[in-house]
Amino acid sequence: ADIRVAVAANFSATLHALAVPYKAATGYQLIVSPGATGALYSQIVNGAPFDVFLAADKLRPQKLEEQGLAVVGSVFVYALGVPVLWSPVAGRVDDQGAVLTQGQFRHLAIAEPRTAPYGAAAQEILQALGLWDTLERQGQLVRGSSVAQTHSQIASGAAELGFVALSQVRTGQGISGSYWLPDPALYAPLAQAAVLLRRASANSQARHFLHWLQHDPQAQRIIEAAGYRRA
Amino acid sequence: MSIDARFRLRQGEFLLDVDLSLPGEGVTVIFGASGAGKSTLLRCVAGLEQATAGALSVNGVVWQREAFFLPVHQRALGVVFQEPSLFPHLNGAGNLRYGLKRTPVHERRISWDDVVQLLGIGPVLQQYPHTMSGGERQRIALGRALLASPRLLLLDEPLAALDDARKAEILPFLEQLRDHFSVPMLYVTHSLREVARLADSLVLLEAGKVRAHGPLQAMLSRLDLPLALVEDAGVVIEAVVAEHDAQWHLSRLEFSGGSLWVTRSSEPLGAAVRCRVLARDVSLALERNENSSIVNLLQAEVVEVAAADFPAHLLVKLDAGGTIILSRITRQSQARIHIFPGKRFWVQIKSVALLR
Amino acid sequence: MSIDARFRLRQGEFLLDVDLSLPGEGVTVIFGASGAGKSTLLRCVAGLEQATAGALSVNGVVWQREAFFLPVHQRALGVVFQEPSLFPHLNGAGNLRYGLKRTPVHERRISWDDVVQLLGIGPVLQQYPHTMSGGERQRIALGRALLASPRLLLLDEPLAALDDARKAEILPFLEQLRDHFSVPMLYVTHSLREVARLADSLVLLEAGKVRAHGPLQAMLSRLDLPLALVEDAGVVIEAVVAEHDAQWHLSRLEFSGGSLWVTRSSEPLGAAVRCRVLARDVSLALERNENSSIVNLLQAEVVEVAAADFPAHLLVKLDAGGTIILSRITRQSQARIHIFPGKRFWVQIKSVALLR
Amino acid sequence: MMLSADDMTALWVTVQLAAVSTGLLLLLATPLAWWLAHTRWRGRALIEALVTLPLVLPPTVLGFYLLLLLGPQGAVGGFLERIGVGHLAFSFSGLVVGSMVYSLPFVVQPLHNAFAATGSRVLEAAATLRAASLDRFLTISLPLARRGYLTAAVLAFAHTLGEFGVIIMLGGNIPGETRVASIAIYNHVEAMDYAAAHALALILVVLSLSLLTLVYALNRRLRIVGVTG
Amino acid sequence: MMLSADDMTALWVTVQLAAVSTGLLLLLATPLAWWLAHTRWRGRALIEALVTLPLVLPPTVLGFYLLLLLGPQGAVGGFLERIGVGHLAFSFSGLVVGSMVYSLPFVVQPLHNAFAATGSRVLEAAATLRAASLDRFLTISLPLARRGYLTAAVLAFAHTLGEFGVIIMLGGNIPGETRVASIAIYNHVEAMDYAAAHALALILVVLSLSLLTLVYALNRRLRIVGVTG
């Protein structure tokens, strides 16, 4: 009665929140293995015993599908990530993002654009604002290997501000500090896709969970409350 | 019964190049200056120098020959190294037990109690080597080698760090090993006293080569070897106990050239014993002189007169009824009482050391 | 001029407890059985045992007192340890230079060339310690200590690993240090020959305590100390060169009790020299006997007769005009020629070793 | 401070992993270190360098390569799969292998140094006392290399406790099997549950500190002598 | 095989970082290791355990705590900021500090062992030859601890080459300043650019292997003796 879920680290807290009502409703237990999407992908290619993969992007689930490691047609987007420019210090970030142009900071933290979707989004935003090259040239861009690391770098106070996931900073009490939500037009949507893995193709529970994740209203509510948008 | 050893080993500038056939029983002393190669020779015999080209057989058993090389641990050896190599993590008793435990019970011939008592190491059995004195370490090393009941003992100055009293206790024990257990020994020492006491034959090394070797008596009485020149030069006489004198605590020893009175021997009548007569203890007189504290008088004929190390001295080799005796005299005496080959004298021996 | 040392040091079961006032010049020999505490005493003097309760002053300079402790490297010492502690990463020359480099130029009194030549260590200067023979290591250690031009030498059996010939070369060098450079030495040895040759005073240690100490002559002529019992027992006589005999290569030494002929001395007439007369080389006669190779005859009066280590022997203490001489005789001789205190005899000395 | 049951499990897996891989590593590294200390072969330097190599790659990358090697399609994993043992990825055994590879240099180096420092004199003495080579090794070299073994064990154990990159890649963060404390901490951090992360880190630190202090104190107590005795 | 300019830069930063932090670490660890080898203080075991502690935490977590400490709001970073030096987060100097903390045990342990193995006899002999304690240290202890220094340097250097967790957290992956080779490889792997990852990994491995082999071979050539002489 266990479903093994490999989940992109940024979604792991939300998945834990989902697991509780899911278990209550079905009796099925989710075994959660968080990791970097790229690492999880490599592990699945090399035989990792996961039933379901909740990635941070759409690319890896699609690749697994192409490689025959996932059930064809099972890919769907379960959430859209929302990048946010954030600082734990109240008033440092204005709600127009003007702080970026005024340059009142030494370090701006982002996730690595090549490997983390939130990093890629941050790059697109900064490029759209025409700031990328300057910041890059002046060595002001600090990259974490994951968006969680970026959050740590900002939370520690070492970087004054940075682009993180809304899901990371939104709590039940709202968002502490100051933030700016960039216009979604500035970046490509951060589609996070799920896929049923081949070894679970006959696993009805795993299929049930994916169906529940995609369609159940309670699941949708929890995902939105965590700071994601609906697909 | 013999130990045949042929080695050629280069170490830096030094070349050891020996081809020896030594008696397979008794004590062979290796004698030579510092750096002559004594320790290296023992290491070759022990099999600790692997690179050695050579051959070695001990009483008929081949230990090394061309491609064949018996590993050290299969040679029933006991080695006392020049610098005691005790095991630092074992206490005195642990060190002693090391070889003992590895000796099959039926091969054990040497008793723990004897070794501990004779070497006087009871008090340090619980101590670790770094807390022992130099002499204590050396005695533990000796005991360790003995307790493995070796069939060949290689001893590299085993008594150098010990006082005379302690030496006097250990030497008879080594003699016992040699005689009762017939353990042959190769024994490195700089002490002529130990040579005289223990040696049956003698190898004289010089710069890695054998200068001379042979039975003890023959070697000691050769005037052409440096042995004759040292202060303690002298001969060793093999004799038989002929009489015990209870009143004066003396024993009379008989040998081919006459007889000698020595300190009372514990050996029974008829036993073979050995005594040492130092060249400097021997004086020559024209007449028999009874009114002196010198008790030992022999008649002998001068065989050879040779220069000694000092110009003032001469070495005289005498034949007392077939037994060779050396005497160190001054040139002045030679002139005064006319000492030359062929002439007979009364040989006065001030002191005779009974060795066995 | 004196070395005042008081130490109390416990090491396991062993307790060193000494309070000594030693002459601040010349050689003081520390004598004692293995484990008596000789090395420990030297370590205390060197300052290598920090935990020591005690006091030490060397010729007026305080090295240790209650709370004060002069660090080892500020004591102008030379130490030769019982087991040579050469620096394994330096070759022979590097080891020799170590102390030399740290000695201010104006304090250097001992020449490199002398040391290298006298110790015969030229051939091993480029070798590293692990390739040297035991004796070579010991000589390098000695040279290293000497080249630091110490004001006090602590020598722990410095010649134990050496052959007699080598010893005979080194001893005069040590004497020279003592006399020309007035370097006092504390010298541990088991060799009575070295004692006689070098010592000016003697400390006898037993189980960590001082059994006896005093000037050499007094110590050697005491029949109540174990020193008198060993085979090499004998006295040392201070004399003056009175005559040289070119023909016989002899020199005549004069002292209060008469005169002795010895091997030709290189000292000029009038020089003070030292010679050694072993108890077993001394015989007693009722009459003067000229027809013997014994050249040295003295007249002396018996002072004391004591038992020796063997029941057959007696030790006789004689007074030859103020100079004490020991003789080892047999009980039989005593009975035959009636030796007892007060009686005068002709003392025949078979051999006299000229020491200096 | 309360730990979740999951964290307790992770801690327990960690301790097991560290103990097992340290133990095995000491066993396996011993002959290698011994050989390095005694061989006169000229190619030795290359082997020494190879031993150090696991340190040079970033742990995750090393983990990645190990995954390729030990996974079902890898040379080793595939072979094990075929002979019925099963491949090593995502299993406790796989983690043990990974930790051993990664900690290899910390074990080989101190042992190598310890064996080299023992010197040949005592071994020669043992040989003359009828001890064959394995016997000599067990009764002389091993006890005299005690300090080296302590260092090796401590470094390997501590390193495995804190290891993360190799383990997450090769083990896959599976609760109860391959989720160790370091990964649990990572999970907390990724989930922004800093309090839980700090708590677990603190417990890890306090436990290790007590254990290490105990080990070092015991070692001092048992210490007998330097090698030169 | 062609490397991108970025990768070349990262490689160069890596080498600089490894060289500087290894060098500084050897300097700083020497007195600590010496003290550990010679003190008889009972609390020594605790200090030994503390030295090992950086290994116990997962590198990213250690990096996080270091970031807290060295960042502008940290005790150390804040102090440096006030005296005008600037805090250490996201700078090369910060990386040096981080690497040093993380590699501390690999340096202290071998040096400690080497100093302990030297034994007191040669030091006593040196003292009797007028060498004061610093002099003895420089002329006797140091050369006799050569093997320990080699091990320490190799482990610290190699470990810094492969270090990833501490560095990315503390350094922030700034090209030309704090982006090192390990991060670049990691990124290639994560981005599924395996060719680039393999290329860079291979270069790192080959470079290290050559360097280490050279070092070990030279050491063999220079090797004079064991400690027991």
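Should a chain be cited, it is by its letter among A, B, C, D and E, assigned in written order, with residues numbered from 1 in that chain.
Rule of thumb we're sticking to: contacts are C-beta pairs under 8 Å (C-beta built on N, C-alpha and C of every residue); 3 or more make two chains touch, one makes a residue touch a chain.
Bear in mind the structure is a predicted one, so any value in this text is a computation, not a measurement.
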- prompt: Going by the contact rule set out at the top, which chains touch both chain B and chain C?
  reply: none
Message: Among the chains here, which has the CA centroid at the largest distance from chain D's centroid?
response: C
Task: With chain centres taken as the means of their Cα atoms, state the distance from chain C to chain D in Å.
output: 60
Query: Could you state the distance in Å from the CA-based centre of chain D to that of chain E?
result: 19
Query: Where the centres are mean C-alpha positions, what is the separation of chain A from chain E, in Å?
result: 35
- prompt: Going by the touch rule set out above, which residues of chain D reach two or more other chains?
  reply: 60, 64, 121, 189, 226-228
- request: For chain C, write out the residues touching at least two other chains, lowest number first.
  value: 83
Of all residues in chain A, the ones touching two or more other chains: 39, 42, 152
Task: Give every touching pair of chains, nothing left out.
output: A-D, A-E, B-C, B-D, C-E, D-E
Task: Quick one: which bits of chain E touch chain A in the complex? Just the residue numbers, please.
output: 60, 64, 67-68, 70-74, 77, 87, 89-90, 168-169, 172-177, 183, 186-187, 189-192
- request: Give every residue of chain E touching chain D within the complex, in rising order.
  value: 44-46, 48-50, 52-53, 55-62, 64-65, 105-106, 109-110, 112-114, 116-117, 119-121, 147-148, 151, 154-155, 158-159, 161-165, 182-183, 185-186, 189, 197, 201, 204-205, 208-209, 212-217, 219-220, 226-228
Field: In the complex, chain D residues that touch chain B
entry: 121-122, 124-133, 135-136, 139-140, 143-144, 146, 224-229
Residue ranges of chain C touching chain E (in the complex, touch as defined): 46, 48, 71-79, 81, 83, 85-89, 98-99, 102-103, 128-130, 144-145, 148
Query: Tell me, which parts of chain C touch chain B in their complex?
result: 11-13, 32-35, 38-40, 82-83, 120, 123-124, 127, 131, 133-136, 139, 156-157, 160-166, 190, 192-193, 226, 230-232, 245, 247-250, 261-264, 280-281, 283-287, 289, 291-295, 310-313, 327-333, 335, 337, 339, 348, 350-351, 353
